[in-house]
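Following this message is one structure expressed as structure tokens.
Just so it is clear, A, B, C, D and E label the chains in written order, and each chain counts residues from 1 on its own.
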Amino acid sequence: MSDTHAQTVPYVRESMLPQAEPPVAERGVVKWIRENLVSSWLNAILTLVSLYIIWWVVSHVWGWFAGSVWNAGSLTECREILAGEEGACFAVIAERWNQLVFGFYPPELYWRPLLALALFFAAIAPVLFPERVPRAMFVVTAAMPFVNVWLIWGGSLWGPIFVALGFVAGWGAWRLAQPRLGVLAGAILSVLAALLWWGVVTGWASPDFARILPLDLQRVTSRDIGGFLLSTIIGLSAIILSLPLGILLALGRQSDLFIINKVSVAFIEVIRGIPLIVWLFTAQLLLNYFLPPGTNFDLLLRVIIMVTLFSAAYIAEVVRGGLAALPRGQYEGADSLGLSYWQSMRLIILPQALKISIPGIVNTFIGLFKDTTLVVFIGLLDPIGFSNAIRASTDWNGIYWELFVFIGVLFFIFCYSMGRYSLYLEKKLSREHR
Amino acid sequence: MATTTDPHRAGFRLSQLVYDTRYRSMTIQIVALVALIVAGWWLVANVVQNLSALGKDFDFGFLSSRAGYDINQTLIAYDNSMSHGRASLVGILNTLLVAFMGCVTATVLGVIAGVLRLSRNWIVAKLMAVYVEGFRNVPLLLWIVLIFAVMTESTPQPRDFRVLDDGTSAASMLLGDTIAITNRGVFIPAPVWGSGALVLGLVFLASLVAIWAYRRWAFARQERTGQIAPVFRVSLVLFLVPTILVFLFMAFLSDRQTLVAYGGADGQDLAGFAQALGPDGRVTACVVPGTTQALLVRRALRNSDANFSLVEVADGEAAIAAAEAGECNLISQPPGVDPATIPAGGFALSDGIRSGNPVEFDVPVLGGFNFEGGLQVRNSLIALWLALSLYTGAFIAEIVRGGILAISRGQSEAAFALGLRPNRTMNLVILPQALRVIIPPLISQYLNLTKNSSLAIAVGYMDVRATLGGITINQTGRELEGMLLLGGFYLGLSLLISGVLNVYNNRVKLKER
Amino acid sequence: QTLESVQENGVLNCGVSTGLTGFSSPNASGEWEGFDVGICRAVAAAVLGDPMAVNFVPTTGQTRFTALASGEIDLLARNTTWTFSRDVDLGFSFAGVNYYDGQGFMVPRALGVSSAQDLDGATVCIQTGTTTELNLADYFRVNNISYEPVPIETNAEAQQQYLAGACDVYTTDASGLAATRASFENPGDHVILPEIISKEPLGPLVRQGDDQWADIVRWTLNALIAAEEYGVTSTNVSELASGTDNPEINRLLGSEGELGAMFGLENDWAQQAIAAVGNYGELFEQNIGESTPIGLARGLNAQWTDGGLMYAPPFR
Amino acid sequence: MTDTAFDDSPKVDRSQMKVSDEVAIEIAEMNKWYGTFHVLRDINLTVYRGERIVICGPSGSGKSTLIRCINRLEEHQSGRIVVDGTELSSDLKNIDKIRSEVGMCFQHFNLFPHLTILENCTLAPIWVRKVPKKEAEETAMHFLEKVKIPDQANKYPGQLSGGQQQRVAIARSLCMRPRIMLFDEPTSALDPEMIKEVLDTMIELAEEGMTMICVTHEMGFAQAVANRVIFMDQGQIVEQNEPREFFNNPRSDRTKLFLSQILGH
Amino acid sequence: MTDTAFDDSPKVDRSQMKVSDEVAIEIAEMNKWYGTFHVLRDINLTVYRGERIVICGPSGSGKSTLIRCINRLEEHQSGRIVVDGTELSSDLKNIDKIRSEVGMCFQHFNLFPHLTILENCTLAPIWVRKVPKKEAEETAMHFLEKVKIPDQANKYPGQLSGGQQQRVAIARSLCMRPRIMLFDEPTSALDPEMIKEVLDTMIELAEEGMTMICVTHEMGFAQAVANRVIFMDQGQIVEQNEPREFFNNPRSDRTKLFLSQILGH
């Protein structure tokens, strides 16, 4: 048709063609099926196999799920209700819901952990969505750890307040000393001030304050905390505490100072090279060997410390990645303006490096949160621990799937949504940085 | 030149320690070192004090004392009279075993899932996404206990395999009665190496060498003439065919061996001999454990519904001696033994048994309490192995997917535009590049898997944590030493693996400007 | 110094087993009860005057010694066998024996096994880190029969594995077997074999090197045993404490002499302990005796006066 | 700006480049959809052996899609494309044949970063043409000399500048001794200095009589070497003409608008 | 090409820019090694207050290294560098002092992307000079006006064009009220149109009598404002002269060769 021969026949289209519908095979469901399900022989077979797998799973699970019993006092009762029919016995969850979620936490005090959780979300909001949340919210962020400790364990509010004041004292000493005496002396002084505060002032003043204005909440011991509450407490406190430590380790690992560098490397590698479960056993059984004779403190606290150290090593690697991703020019830019090392870290480097690291940190946290289940081996009652305990009771002896499915689904919801969040962040970051 | 103020080069001032870059780093390091030493000293001092309060010392001598406990899965010879050190070694090997098996299957699963997740097939891709997200977002421990529960709760007990009087049984073995899946584990046929096994092994090695040589030849020829030889298919044939042929040939050649019985009449066959022993009599056969002869004798006896027991001896000589001493009344002699050389008091049964292939399979059969013979892959191992593989596989799938996605579409388009076929494009262009991206995180997943194998504790698998870090510590009270060794083992392993990783990384780094 | 730290904390850290009906198990409301738990409560009552001031730390066969050695717990009352190496090498002091036991086997009745000698090739569930594990190895070695051990952490898991048929035999202390069987749906379907293959004197233990604390635990246990001998029970103890004409009882209950003060306790320490948990006989009957589902006979654990081995040294 | 860069190069004597009557590529009534989006509409185009065609047009007008259809990197849904007498269908053999006849050069070069320059150039001859390695290397060196970078043969792509990389990409295609070359904006990812290097190479190729279809906005290049300029818009060929006419005397309004934009700035 | 961009700008009246006798920077017998590689060899250079020095030379000749030594982004190993009467030694106090006296402007701007333009400019004054925030912001706005982008103050660097970013970088340095400015190829990462914006800003600075050392290949700029042009090669100062002489009458062969290359193309 087109005889537009080379140099001879110029061609001009007079009227533009409109959009046309693609041929039938190229549109709608037909096309979708053709391209997505049966684009080749192999694909067609795969489709059939997948359909079979889906059918198999659904047909096995559906009856069990659809026929589930939600109201019964024991497995036998459940079986009676089912009367031989297939069906799950989710009654166990209904009955033990409180235990699985809160452990032995006194039921009338459930509002406390819930409030603490709400507070936690309020506190991380300015970190997660810095654009949308006013900066004043950082006050909540700073106060949250102390208030939450008080909310969960109860006791006098003055304890946490004095601990917090210790940090304030340290910071004050830093502000006073650093301009005059320099960084090193300032740092030492501020640590000393904080220690002095905790060691002397707190012991001497806080009981008095407690007497004058009690601010007491009913105490709840660590042994009463269990279930998802326990996992969450361990996970969240470890991640919050490990963040500063991890940053220090990352800086240490980046440092040119031989000893500091090597110590950081050794710490990170040793922690990461040994399974968490070994560390937990260490926390449970060996820690006392390393402490002065006679010291003995809460197992939960020890676990939190151990998990904190553990996740700090991982966070350090994440942050190191963030630091390495910053162009050298940023360091030089800061140097050329005359900022000191700590100033440039605090004002220039870390804000950027941490931002890049947030997805990694969230992923570390997901891993950590899953790993909190390991505390069952040292006798703490996390959800899996409770599932064992529940199965050991005569009422529910022989129940498996329902508990595992429930725990699994809860973990899945948490971890999956956090994973999505970190993915969203990654996308956003790569958009911003390009 | 104009004069500038001459900076006075004063001697060392104390402020230089803090303000002079040269000394400052020294100062900080010394402060750090001192702090470190103080902290270390504090810890050690506490340990010393605590130990002495308990009247304990720090001593690794316990490793050589008698362990006294049994381990159900041992890759090397072990019994309870051996030392704690040996028990630890058994545990270490068990850890390495499950880690190795886990890494292999996790890789296979991960690669398949990762590739399928990129499939154009919507259902398959979604199914893989469900697998990956499902395993990644639920704690490993939960998967381990879940799979263990499936294995123990929904598989039959060995006694369910027993055929009842009405000829039925609650469960049956698979694949021609060779595999039994029970709630104590899966019993599979175990290979027993016969006398020809060495030859077979050599043939197999030779075919590996041949494959290598063929590949070199094919490569050289391609360089020379450009012709491309079918490497994969020929390799596959070389891999399988010679070994199978030799096996068949040797099986064809294998002769019948002579069974020598004591205390019957000449000319009997096995059944006759058994009957001759009377209703209370028992055929006791002297066998060398672990040989094909032993396996075949046992099989023959089992099939003859005679009442029998086996006596284990060290070798053929010992068997004859034992028979002459009356400890057993049946031994087997190699094929073609001259009847005249049959030791005194014995006679050859009329129906010999086959002498055996280079490889015989010891098929599990139901015994008194359990399946006997064969290889028992215990539930604890299976649960741990499966869970670790599935869990890590999900992570590997993401790595593989990421690796393939990281190779831009332009690369395959360029290869297509050059006329390369899809499979060549995969082999020559995509895979070499994707592997560089994939392998480093892959190895760190191997590391994770190895560390996670310590969750064996959830299913009672006897890994190094259970032996050295569990029973040994418990029996000897050497928790400090034991945990130190345990930590050292894991640390050494991961340093080793990451060392390998570093070497690899340095070798494949892409050259850039 | 353990005494001081316990008194300072106001709570006794007591290691018990993770759950063995009748010996130590948490009830529906999360409160621990049982025979071993009774010892903990008695010691707490003697030392702190409050039987509820106990922090129960569940331990497995494997973790219990480390927990005690490292100071995680102050007292281990967890059906633990008194052996030479534990006493000498591991560095513990046994405070006496609260139950004379021996290792037994439990099999499903359906297997038709009547003797341990018939167990050749059987799969055996054992708790790891126990004497039973070692006894089992010795026993089968001596009798030249083979077995397949299935190592298990806790009694609950063992029970589960055993019921699922993952092992043919469950072996542990006979008392533990009885307690486990009692919690089965159909206890009658399982038999405990006649062989008792070892001596298992079970008793509470403490760290070596703190004699004062060891004495406190030892004599608290003895007080319970003596109380039974002298007919002091939880119901009549307060009445008897005001003074009787038996000087031994008076010394025991503190109305005469200064026994408590000798190891740093109040003089009414034994009275507190007995009031809290009852005397040895009461403790036994309430938790594991014949009237309970566990139904253990006193047997060796009867008073020496009744032909048993329970024999408390004199309070003098 | 880029015009300037090109203006320095010697004008090519177009009459020297001969066009035969043989048809190299014939596209007839070709249509293509992406999903329901009609990207190419009723394309009719015949390219004769030795012709040098420049395609231009606004972004998104389907230029890339058109030339990618020619070596079947994209599938067309109706109409026919005949390359060198072979019709493009889903027949794999035809596709392979056409792809080894048609060389393609991408905007982003798409060199294989894990292979040296030499290996990049010999890969396809060895595995597709089954040429002995030695011979393939000789050919490769020949073409590398032609694009003036024989000394880079043993480096990796990452070590070369953009212009050098694009020239390697051209050499890589040439090593397959294609009869037709397709260029998809080969210079638009390059810095101005490098553009010249690449255009020079392309002009040399044109002088040797290679059939070329080139998507580019280097109007200097079009004026210098093209036999025909094709202007596309909204998936259609709007105008085609020989270059002088095309630039000086565009007929369609769209073309005028387009030319005013790219020449004006 | 880039010369053209500059030629449009008005010629600067050089006589107006005064040079005092005071020494701003003195570098004497300075040597520097990277490992065993001797990058700077026996550098002697005295810069007077108010002087504007342009450094040029082939790539790798050590130009950047030299000016980075001046504010101690790199350490020198022998010889001395005295800036504004303070000798650069390993004494941190001196380093801090010099860095706050010497402004530096990088090829890639190195703005802080997480801070707004205003924050970029006030950061150092607030934290190093301890100026109240309000005052710092006023100063910053002053200098932003000077570089003609006061309206961008609340944007983030990523939202600005390259030329604007470079001007912000200059303003950021100026906010520290440095007495000496160092520029390291400030225009070479920019598109031609933007180069002019930046050069104009620099010329304005020069007119105000700022002491400047500038590594650049913008010969137009050198001719317009420099008091002295220094030519470096292989880590040494090969030639220095006032611009007219330098360009019209280079003495060393090395310089001639270099000039023929950069002016010729």
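Methods note: a residue touches a chain if its C-beta (ideal position, glycine included) is under 8 Å from a C-beta of that chain, and two chains touch if they have at least 3 such contacts.
To keep track of the chains, here are their UniProt names: B = General L-amino acid transport system permease protein.
What you are looking at is a predicted structure, and each value in this text was computed from that prediction instead of being measured.
Touching chain B and chain C at once are the following chains: A.
The chains touching chain C as well as chain E are A, B.
Compared with chain D, the chain whose C-alpha mean position is the greatest distance off is C.
Rounded to a multiple of 5, the C-alpha superposition of chain D onto chain E involves a rotation of 160 degrees.
For chain B, the chain whose average C-alpha position is most distant is E. Closest chain to the protein centre (all Cα atoms averaged), using per-chain Cα means: A.
Between the chain pairs A-B and A-E, more C-beta pairs are in contact across A-B. Chain B and chain D have centres, each the mean of its CA atoms, that are 56 Å apart. Averaging Cα coordinates per chain places chain A and chain C 42 Å apart. Rounded to a whole number, the gap between the C-alpha centres of chain B and chain E is 65 angstrom.
Counting only residues that touch two or more partner chains, chain A has 285-286, 288-289, 293.
With touch defined as above, residues shared between interfaces to two or more other chains in chain B number as follows: 18-19, 50, 53, 153, 457, 479. In chain E, no position touches at least two other chains. Within the complex, the chain A residues that touch chain E are 327, 329-330, 332-340, 343, 347-348, 351-352, 355, 432.
By the touch criterion given at the top, residues 61-63, 65-66, 69-71, 85-86, 89-91, 110-111, 119-123, 128-129, 133-134, 136-138, 141, 147-153, 157, 160-161, 164-168, 207-209 of chain C touch chain B in their complex.
Of all the residues in chain B, the ones that touch chain C in their complex are 50, 53-56, 68-72, 80-81, 152-153, 157-159, 183-184, 367-370, 372, 379, 457, 460, 462, 466, 470-471, 473-477, 479. Every residue of chain C that touches chain A in the complex is listed here, in rising order: 1, 5, 13, 18-19, 26, 28, 30, 55, 57-59, 63, 66-67, 70-72, 156-157, 159-160, 183, 185. Of all the residues in chain A, the ones that touch chain D in their complex are 1-7, 10-13, 16-17, 19-23, 26-27.
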